[in-house]
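I have placed the structure first, in the form of structure tokens, so that the comments after it can refer back to it.
Order of writing sets the chain letters: A, B, C and D. Residues in each chain are counted from 1.
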Amino acid sequence: MSAVTGPISYHGPTPQPQRASSDNYLNHTRGVMSWAFTLDHKRIGLMYMIGILASFLLAGLFAIMVRTMLWHPLTAEAGASQGALNSAHDLYNHMFTLHGAVMVFMFIIPSVPAILGNFILPMQLGAKDVAFPRLNLLSFYCWVVGGVFFVYLLLSGVLHAMGFNVPGGYGLDTGWTFYTPYSDAKAQGSVVAATIGVFILGFSSILTGLNFIASIHMLRPRGMGWFKMPLFLWALYSTSLIQILATPVLAITVMLLCAERAIGIGIFDPARGGDPVLFQHFFWFYSHPAVYIMVLPSMGIISELIVAFSRKHIFGYSFIAMSSLAIALLSFFVWGHHMFISGQSAVTDAIFSLITFAVAIPSAVKVFNWLATLFRADIRLKVPMMYALGFIMLFTIGGLTGLFLGTLAVDVPLTNTYFIVAHFHYVMMGSTLFAFIGGMYYWWPKMFGKMYNETFAHVAFWFVFVGFNLTFFPQFIAGTKGMPRRYASYPVLSSDGRPTHFVTYHRLSTTGAYTMGTGLFLVLGTWIQSLRRGKQAPPNPWGANTLEWRCPSPPPHDNFTETPVADDPYDLSGWKYVSEEVGWVYDREQAAADVAAHVAH
Amino acid sequence: MSSTEQTLAADSHAGHNGHHDPHLAHHFDTPEQQYTSGKLGMWMFLGTEVLMFGGLFCAYAVYRHNHPEVFEYAHQYLDRKLGAINTLVLITSSLTMAWGVRAAQMGKRGLLVALLLLTILGGAGFMFIKTIEYSTKWREHIFIGSGNVFYESNPETKPQSVNGLEEEALHINEAKPETVATVKVEPDVVDPNAGTPDAALIKPPNITPAGLSEKVKAGVTERMSYNSLVKQDQTRVYTFFAIYFFMTGLHGVHVLVGMGLITWILVRAARNEFGPTYFTPVDLVGLYWHLVDLIWIFLFPLLYLIH
Amino acid sequence: MLHAILAASDPTFWLPRGASTVSGDVDMLFNIVMWICIFFFVLVTVLLLLFVVMYRHRPGVKRSTAAEHSTLLELTWTLIPSIIVVFLYYYGFRQYMNMVIEPPNAYEITATGKMWQWSFTYPTGVETNELHVPVNVPVRVILQSNDVIHSLYIPAFRVKKDVVPGRFNRLWFQATDNGQYDIYCTDYCGTNHSTMRSTAVVESQADFDKWMKITIDTNNNLPPVQKGKKLYMTQGCAQCHTLDGTRLVGPSWKDMWGRTEQLESGPDIVVNAPYVTESILLPQAKIVKGYPPSMPPFQLKPADISALMEFMKSISSHTSAADMMPTTGPATQPAATEPALTGSTTQK
Amino acid sequence: MTTAAQASHDTDHDHDPGAVHAHIMPPRILLGVYGALVVLTVLTVAVAYLELGKLNIWAAMIIAVIKASLVVLYFMHLKYDNLFNGVVLITALIFVALFIAVTMMDTAEYKPNENQPGTRVMMTSQNGG
């Protein structure tokens, strides 16, 4: 399947970055319309960034509020009347649903592909745009429409539960998983509207994935065979595969649920001869692969960061690339591990448990290869690198705790407790969020042509890192001790009169949440500060060899004035650091020397 | 929107040394590359469509596996003749569409327009026949949700008064009391002086499963009969129709979308925009139309020809 | 040697004290996994920090680059994890089958989940809100749900299973220590999901039998008002009807009996025996204005209904003394002494 | 896909860069396929009236698959199209098949016709899962 045509010189023509010109994609055309109807992948990526960060802010805010509510056990023993308790519980249920649903459908799933993918993928391909720019814009507007719809619905529900009187204050209180028959028969929220929102969001996701696959197939430049692709592209390719293969099933699932709730077709409702567990099969057939939609692109980012800041060729390129594909394909056949206790047959449990363990192996391979890349490297602890290292640690914890849950017998007491909550936050947030922020810091100079304040950003990192672990590690302990998830109130004393200690863990966790929140605001601060008074960024501030660094920062409308020729994206020989203003430049003597040294070795 | 595209495309072409083909986007090198990309994209989209319907086929499989007799009984209400005719109609429109692509490739404008018109006609015919089927079902109160003749008579659904079915339903009630879910009200706890609670409301909803129009019953009785079903299955017959309406309905929506797309192509064809060098839209819309045909090819035997 | 380490690791720091026959093996497995995880986490972290310190950038230091790939290494760190996970899979599954396959002639209890409380029915027909089981006796719990999916979780016994309407899941355990243990619902089931908790009381066979006998007796000759109160608790009325006048989904029972209400359909109605009976058996028949038609039908025995009505009377101020039945003696005889005047449904 | 990429990236085309190379379907094949489809439709209806027991569904499905592949190969040009487009379609079908298969494994656990939970009847038919 390689698109390599004819022999290409190892370095091709000189990969010298093109100097910045006054005309770039930001000021190429002016006016709101030129943004609203732009077909430029960079502008679309930017618009995505604003929207997605906004929804992250919202969902994060509600995470903080959920944690705040959990500071107090809020039990009837505390003397609250039943009525007051009920409304408090409703508020909590609406809030955790909003947090989960917005985070999953509007932040984590689109974050890396839609923002960084949109912006970077064509440039790493040395292309002028994605394969279908109109589709790209359509995908963005799907996200906007679905998102606005979805957020308004959820938010109105929460405000209503808080006592504000808002139009259509139905909201959603099913949790982001929409389990039937609660969602179709009992839920107070407006499930119909929510499913429509999810459907539209899913459509956006499908279009993006489709676009990326076509781009990677059709637009690779001369010299970029399949195994000369940057690993970020491999990751995006695998992600897109999942997006187009799994999301349609989510679409039909929410459509069925919608019809179920609206006119009672009774596919999932036991009161009408349906099977609620069938819904879980439908739902997780999408939603488990979706977890890898969230984490795979992050792994791609990490590979890029590790290479750029350890000044060393990636270790085991083909294994990392293939492990992405392996994870993508295996991820489709592990959905049943969300249902070990749902009463599905033991045979099914056995099969799903086995495949679940199988996924652990490619993940482990990735981690070890990253470690090997660090070996005898020349490591620079810039901010993106800090996030990369943080990612490796957190992903290791998240992945390893997955072993507990894959092991059938151990999964039984642990599942649906805070252990699960901690586990998937380590994977989905600890990994995806860290990679995302790291990637943002890494490509920020390219996106805006501005550098940021290293020290400031380092401080922010430590807040986030410490806060994160303080938030979620205690939840492992609370979970093993039996604290169930999605509990608005929890017991202080267990039945035999001993203290449950849940309060302690919840308070530790809440403290951590506030710390992390502070850290994330600091991160935002570094970006704003950079936009307002950041230094002019050189075309290649990190000395990476992937194509996006060969066009000026910020890039012009067409990215490249002449289409670059790709070579080994991780062969850094020849790149020489000049100065903060000039960044890294390609130097032939340097290249020769490096190659010589390499051969000698 | 398209105007803005044009301008963007235009100034991007300025910097792009090469042919000024108005249909060639600035980020493609050759029409061939653009054409291949388009087809790849379309095929991936069709893949997603297949997976989406796959979900429905999964639901179908599970239910048919769980209640084979329900499916066998219920499908008798569908009209095989109309179904078969519809299949032929759709296949024919597929032929005209495929031929249309050929005409576009060979730049025969008149032929292309004619064939596209025929294709739209086929789609319209399909939808017309479908409407006939749906309206029949509607008259016989065979549809999704409450009010359905097969609807489980659970107290949560308010008793429906279905026109023309009451007296049938009543005499059927006394004919087969065992099918009637009566609620026991113990006389000893009810105050005799207070009079029994409103009889009309304690009486079960008057739509009983067997409350069908004479025509339907006639059609049914010579084949599998309603009472041959288990009690729980009788209340579940409508699940088949839920699946039937959902599948054919979604398919119908696709037909309508397809007709819309073909109309769009038709207009462009009339403007003579297509020729040997540029016929991608015709080709892609064709692919979509054939997919609609494909899905029906499976729906027809699965829904109409259960044995 | 492994066992030595495992023994050293204090099980109660993580998992709560186990009290069933399976908890020992599950904890052992848990600890094995935990030590594997700790090993790999330490390995990764130490290497990571070591490399970062050893190979961090020093101006002037030129490091000759290391290899770019090594099939041997790749195979090593592909195979070793594979072996470990296969091992884990095998033991996990074997232990899981032990937890699934139940011993014969287990004592059988039916657990019913309803929004939002548990009720447990014993072979004797007794129904309680807290689970009583004899120690060292295998117990099979049949799980059924009246409404949505719940999940029965007893941490101390290391058992958990979803309670799915339409399916009849089951779990079994054999308690090994007397005591009281928490029961949680771990599948989100709406507003009061977090209060859907109960207690499992494990006691010696003798105590269990004594408890059972007492419960049966009290049930049989409980004064109607108390029996009504008990039904109010066990049947889940409490979820929608308060006793303190607070309005939840349904009307509070305080002062409800004998009150005149207006129906959605217009006419007034006096809350009396016929109306309450009908509202229990067919809740949708007559809805009082301003309340949602959301009550499910309850198929109660006549005796239970009359007991409930006695309870309602006892907390209502609209009831004349004539209404009240003698609160002693079994409630099995019907509440036949209804005065006529309150009974009639006055049409407007 | 490879060919396309090459064609697109070669600087020295030996053909007119404006041309698009796609297979044009001859009327003979179009009509032939159409005839086959009509015949198969009649056949599938006919088969439905036979008493084949379990075979009925399989017969119907096999005929449907034949019809589908005819449409895909000729009406949709897949026979003459890029290999990868075929791969996309096949992948989608494989995933649908696996989805249905795995989900069906679980249907035995679902007890649609037992309406008295907790009774002996249910118990005996319920295995430990």
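As a convention for this text, contacts are C-beta pairs under 8 Å (C-beta built on N, C-alpha and C of every residue); 3 or more make two chains touch, one makes a residue touch a chain.
Being a predicted model, the structure only gives us computed values, none of them experimental.
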{"item": "Of all other chains, the one whose Cα centre sits farthest from chain B", "value": "C"}
{"item": "Pair joined by the larger number of C-beta contacts - C-D, B-D", "value": "B-D"}
{"item": "Computed distance of Cα centres, chain C from chain B, in Å", "value": "42"}
{"item": "Between chain C and chain D, centroid-to-centroid distance (C-alpha), Å", "value": "45"}
{"item": "Cα-centroid distance, chain B relative to chain D, in whole angstrom", "value": "18"}
{"item": "Centre-of-Cα separation between chain D and chain A, whole angstrom", "value": "34"}
{"item": "Multi-partner residues of chain D (each touching 2 or more other chains)", "value": "1, 4-5, 8-9, 84, 91-92, 95, 99, 103, 107, 109-110, 112, 128-129"}
{"item": "For chain A, residues that touch 2 or more chains besides their own", "value": "217-218, 245, 249, 271, 273-275, 277-278, 282, 343, 346"}
{"item": "Multi-partner residues of chain B (each touching 2 or more other chains)", "value": "33, 36, 40, 44, 47-48, 51, 54-55, 58, 62, 66-67, 232, 236"}
{"item": "Partner chain B, residues of chain A touching it in the complex", "value": "29, 33-34, 37-40, 122, 127-135, 206, 210-211, 213-214, 217-219, 244-249, 251-253, 255-256, 259, 263-267, 271-275, 278, 282, 557-558, 561"}
{"item": "Complex interface listing, chain C residues touching chain A", "value": "13-16, 25-26, 29-30, 33-34, 36-37, 40-41, 44-45, 47-48, 51-52, 55-57, 61-70, 73-74, 77-78, 81-82, 85-86, 88-89, 91-93, 95-100, 115, 147-149, 151, 153, 155, 158-162, 164-167, 169, 179-182, 184-195, 197, 199-200, 242, 244, 246-248"}
{"item": "Residues of chain D touching chain B in the complex", "value": "1, 4-5, 7-9, 13, 17-22, 24-25, 27, 30-31, 33-34, 37-38, 41, 44-45, 47-48, 51-52, 56-57, 60-61, 63-64, 67-68, 71-72, 74-77, 81-82, 84-85, 88-89, 91-93, 95-96, 99-100, 103-104, 107, 110, 112-113, 115"}
{"item": "Chain A to chain C touching residues, read off their complex", "value": "75-76, 81-83, 85-86, 89-90, 93, 173-175, 179-182, 185-188, 270-271, 274-277, 310-319, 341-343, 346, 349-350, 353-354, 357-358, 360-361, 364-365, 367-369, 371-372, 374-381, 389, 392-393, 396-397, 400-401, 403-404, 406-413, 415-417, 477, 480-482, 484-491, 494-496, 500, 594, 597-598, 600-601"}
{"item": "Sites on chain D touched by chain A in the complex", "value": "1-2, 4-6, 8-10, 84, 91-92, 95, 98-99, 102-103, 105-110, 112, 128-129"}
